[in-house]
Amino acid sequence: MSRGLKTGVGVVLTAIMLFPVYWMINVSLTRDTDMRDDPPHLFPLHGTLEGYRAVLDQQLPYLGNSLLIGLGTVLVTVALSAPAGYSLARLRPRGGGVLSFVLLVAQMIPSIIMAMGFYAIYLRLGVLNSTAGLILADSTIAVPFGVLIFTAFMSGIPAELTAAARIDGAGPLRTFWSVILPVSRNAVVTVSLFAFLWAWSDFVFATTLDGGGTQQPITLGIYHYIGNNNQQWNAIMATAVVASIPATLLLIVAQRYVAAGVTAGAVKD
Amino acid sequence: MTRATRPTARHRGGAQWAAWAFLAPVVLYLGAFYAYPLYRNLDLSLRHYTVRSFVQGDAPFTGLSNYGTVVDDPTFWPAVWHTAVFTGVSLAFQFSIGMALAVFFHQNFRLSATLRALFLVPWLLPLIVSASTWSWMLNSDSGIVNAALRLVGLDPVNWLTSPAWSLASVTIANIWIGIPFNLVVVYSGLQAVPAEIYEAAALDGARPWSTFWRITFPLLRPVSAITLLLGLIYTLKVFDIIWIMTKGGPADASTTLATWSYRLGFGNLLPAFGPGAAVGNLLIIAAMIFGLIYIRTQRRALS
Amino acid sequence: MRTKLRASLLALTLLGGLAACSTSGGDTGSGSAAGGTYTIWDPYPQYDDASAWVQLLGKCGTDAGVTVKRTGYDTSDLTNKALLAAQQGNSPDVLIVDNPVVSTLAEAGVLTTTDDNKLDISAIAPNLVAAGQTGGKTYGIPIGANTLALYYNKAVLTAAGVDPAAVKDWASLTAALGKVKAAGKKGITFSAIGTEEGSFQFLPWYWGSGADLRKLDSPEAVSALSLWNDWLKSGYAPNSVINNTQTTSWQEFATGQFAFAENGTWQLGNAKKAGFEYGIIPIPSKTGGTAPAPTGGEFVTAPVQKDTKRYTTTQKLIACLSSTDNALATDTTLSYIAATDAVQTKQVAANAELKVWVEAVKAAKGRTSDNLGTKYPKISEPMWKGFQAALSGGKSAQDAFTAAQTSAAAATK
């Protein structure tokens, strides 16, 4: 296949994959009276911007909060999982296998059970309805996964690098900070990507642990349009569209770095 | 690659200490954040909780009777079957489509990086939005899918409202949501395969399909294993998509263990926390079994 | 490349920090915080701090000498939040919940009775307060009530040659739907989803057949299900009703392609925006007359607190919310009918269209009344499973409800 043809096929495949996203945009521009028209309209012929107006009026602070929470989650996740991955991969502690299994099991607990458990803990600690509490809770989604990724990647780092550092007299901490971490840049970006995306779309923790908070993420902001009896679908979809834009830009930038060797260690093992 | 000189006994002890020092934050974190909810869930499933005893806190210990109730319930075996089908079919398609796309995008044509990034957009959307969008598209009367079917002369299908199709519909939506994860992880695994291997294969005259099947796929085995395992764990937990699209209906036709657990504990007017937690624990046990299988196969692969 | 990444991350963090101003909650009302902070939870997340509802809460707080902190939650989530909070001793001072949930919370010991909180229920219509009463005690007062009726599209009916006034019982309704279908339009839309919402919409037909909720397999009950089933089979109602919420069903009606829609008072505002002429008739019962419809609407309750001295102020807050003027404003905003005669009269005086709805509310029944209490949810779930099974073609109406009665009887033993 020629390169031009490949690009064409790629575009078509992406278009098919993103068709539901197109539909979401379509609904966000539709009037209430046209929403359930049979047959449905491919284009919002009598479009309305009232959904977007509502979103731009009300949702921008929520977007900012989601960004903050997402970035906070990334920091916490990387700070916790990178050292653990390094230890499991290079320092080979006894019982490391058990810990890996425990990390797998940790991911199996349904989020609502986690949220209910945290509620009790947070209430006693006084961090209920706080952004920091939510960041910690969101990190529980990503940390086990992060440790797995870092372990896999760091196993594949050539031993000469650490040997050289040891010869220069560096202890484990120094080796980690100055040698391993810079080389693991791609793994860091991958883990950050997943941590950010999971925190961005989290709803269960947000509603249980930050339901009464003053800084709420966008997944709660959407409930402005989900009233007890009526839902404003064009505004709901508009919120999702507007919320996706900064995250998409972040994704495109980060994609360059989600490259070689995320699971390089796994391949070579 | 040479190993460093074998550490002395004292150094080995010191190395263990250092290793656990690096692990300490995560171990504390696991204990603080995961142990308590797991304990709570176990506790909920081993006692008889009414709404009153949930609030007042004096529920009697009833051992495994909640598990007995759950297994005896007529919904149990259908839910198990639906879970198996939902998970198996989702994984099979998510993984193969993700891998096919990864291989395709690996060929670095123009726009491949941007298109690959765009494939992750489904992940950015809150689940309530993606599930709702699929609901709209699959609506029996005003959905675009049925409109397209009518256009080509086929009969419309009751995607979400017929017992025959509801499980298929939620599976399709779940596959859509799962493709990005598989794409990213498999793609990065592909990146790690050295280019020389492909060049050597090309020099030997290997066609693309045999290159993939005989060379690339075997090299990707570890990546595939971890992707499938994580995919399994995440898919077993899935309930939002099904809940928003069909509520597990009609008449339990798309109820999986995860949605059933949610419905028992949170999805009705009179919560039954005990049975809900029991079903949740059964799911965790199922996932653990697969986790153990994974570790056994990994160990065998390494030896 | 790396510095660029760092720079963009830094910029994003700054942006996030700038935009992350207070989004919701917080203290409403700038009254003196002399009495402390009182928390109110309600199921109206569509109202933000600038709305009339939240301003009213703040004002009631100021009048009572306290600061009010209000949070709006998704209504389907609120029961669990209330239970979790009560378990942890973190209950709000005022909790506004959907009426069928009140008996569940009362049984859990989460709510105070009127003996403790000293609320005055004398002026409230008995049929409306019944949903909040179990075991002879009252656990809250209704903020207003809503119920169901049949909206119709005048143009569609005229074109089909149907006179809405002639729709008095099931037979005439089905005949009308037949005429509408013959004229090329769609008959009726409602919500038959497998949740409490579906049960809510099914109850007028259920009660209208003369059936009792304790016997789901009686011939009357089966006839109600057969009514819906036959409509679907004949194409008078669309297949999507099986998954419709009341909002979705309304959206179908709003396209102008339907003759009838079963929906509630809260759609009155949307009905005016629909762009076609509409009318309202009460839901007919099987043999003629108005079918009893279920009461919707939320109750204002006072959860149990460790510090019982708080109840005095809580009572003042609730009395303020339900005072004649405030109730009129609230019920007009929510598009509900008021719970007291006095305010109902004022509502009709302001808007004569509401007379039909006031009559409907007077004839309505609470779902948890008839002393069903917490038995109601255990009956409602098998009931919705039953009609879902029949409507989706899996079972016959008789089989579906026989199975439903077996589960309901087992659950309510």
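Think of it as A, B and C in the order they're written, each chain with its own count starting at 1.
The rule is short, and it goes like this: a residue touches a chain if its C-beta (ideal position, glycine included) is under 8 Å from a C-beta of that chain, and two chains touch if they have at least 3 such contacts.
As the structure is a computational prediction, the values presented were derived from the model and not from experiment.
**Q** Out of B-C and A-C, which chain pair has the most contact pairs?
**A** More contacting C-beta pairs are found at A-C.
**Q** Computing the C-alpha centre of each chain, which chain sits at the greatest distance from chain A?
**A** When every chain centre is compared against chain A, the largest gap points to C.
**Q** Distance between chain A and chain B based on Cα centroids, please, to the nearest Å.
**A** Their C-alpha centroids are separated by 15 Å.
**Q** Taking the mean of the CA coordinates per chain, how far is chain A from chain C in Å?
**A** Those two chain centres are 36 Å apart.
**Q** On chain B, where are the residues touching two or more other chains?
**A** Residues 139, 141-142, 266 of chain B each touch two or more of the other chains.
**Q** Provide the list of chain C residues touching at least two other chains, using ranges where the numbers run on.
**A** Residues 87, 252 of chain C each touch two or more of the other chains.
**Q** If you look at chain A, which of its residues touch at least two other chains?
**A** In chain A, 35-38, 116, 120, 233 touch at least two other chains.
**Q** Could you pull out which chain C residues touch chain A in their complex?
**A** So the residues of chain C touching chain A come out as 5, 8-9, 12-13, 15-26, 39, 43-46, 48, 69, 71-75, 77, 81, 84, 87-88, 90, 98, 146, 245-248, 251-252, 254-257, 264, 266-267, 270, 273-275, 298.
**Q** So in the complex, which bits of chain C are touching chain B?
**A** Chain C reaches chain B through residues 79-80, 83, 86-87, 100-101, 104-105, 107-110, 193-196, 238-240, 242-243, 252, 374, 376-378, 380-381, 385, 388-389, 391-395.
**Q** Would you mind writing out the residues of chain B in touch with chain C in their complex?
**A** On the chain B side, the touching residues are 50-52, 54-57, 135, 139-142, 158, 160-163, 246-253, 266-271.
**Q** Along chain A, where are the residues that touch chain C in the complex?
**A** These residues of chain A touch chain C: 32-38, 58, 60-65, 67-68, 71, 116, 119-120, 123, 128-129, 131, 207-208, 211-216, 221, 223-233, 246, 250, 253, 257.
**Q** Spell out the part of chain A that touches chain B in their complex, as residue ranges.
**A** 3-4, 6-7, 9-11, 13-14, 17-18, 20-21, 23-24, 27, 35-40, 42, 79-81, 83-84, 86-88, 91-94, 96-97, 99-114, 116-118, 120-121, 136-137, 140, 143, 145, 147-148, 152, 156, 158-160, 162-163, 166, 171-172, 176, 186, 190, 193, 197, 200-201, 203, 218-219, 222, 233, 236-237, 239-240, 243-244, 247-248, 251-252, 255-256, 258-264, 266-269
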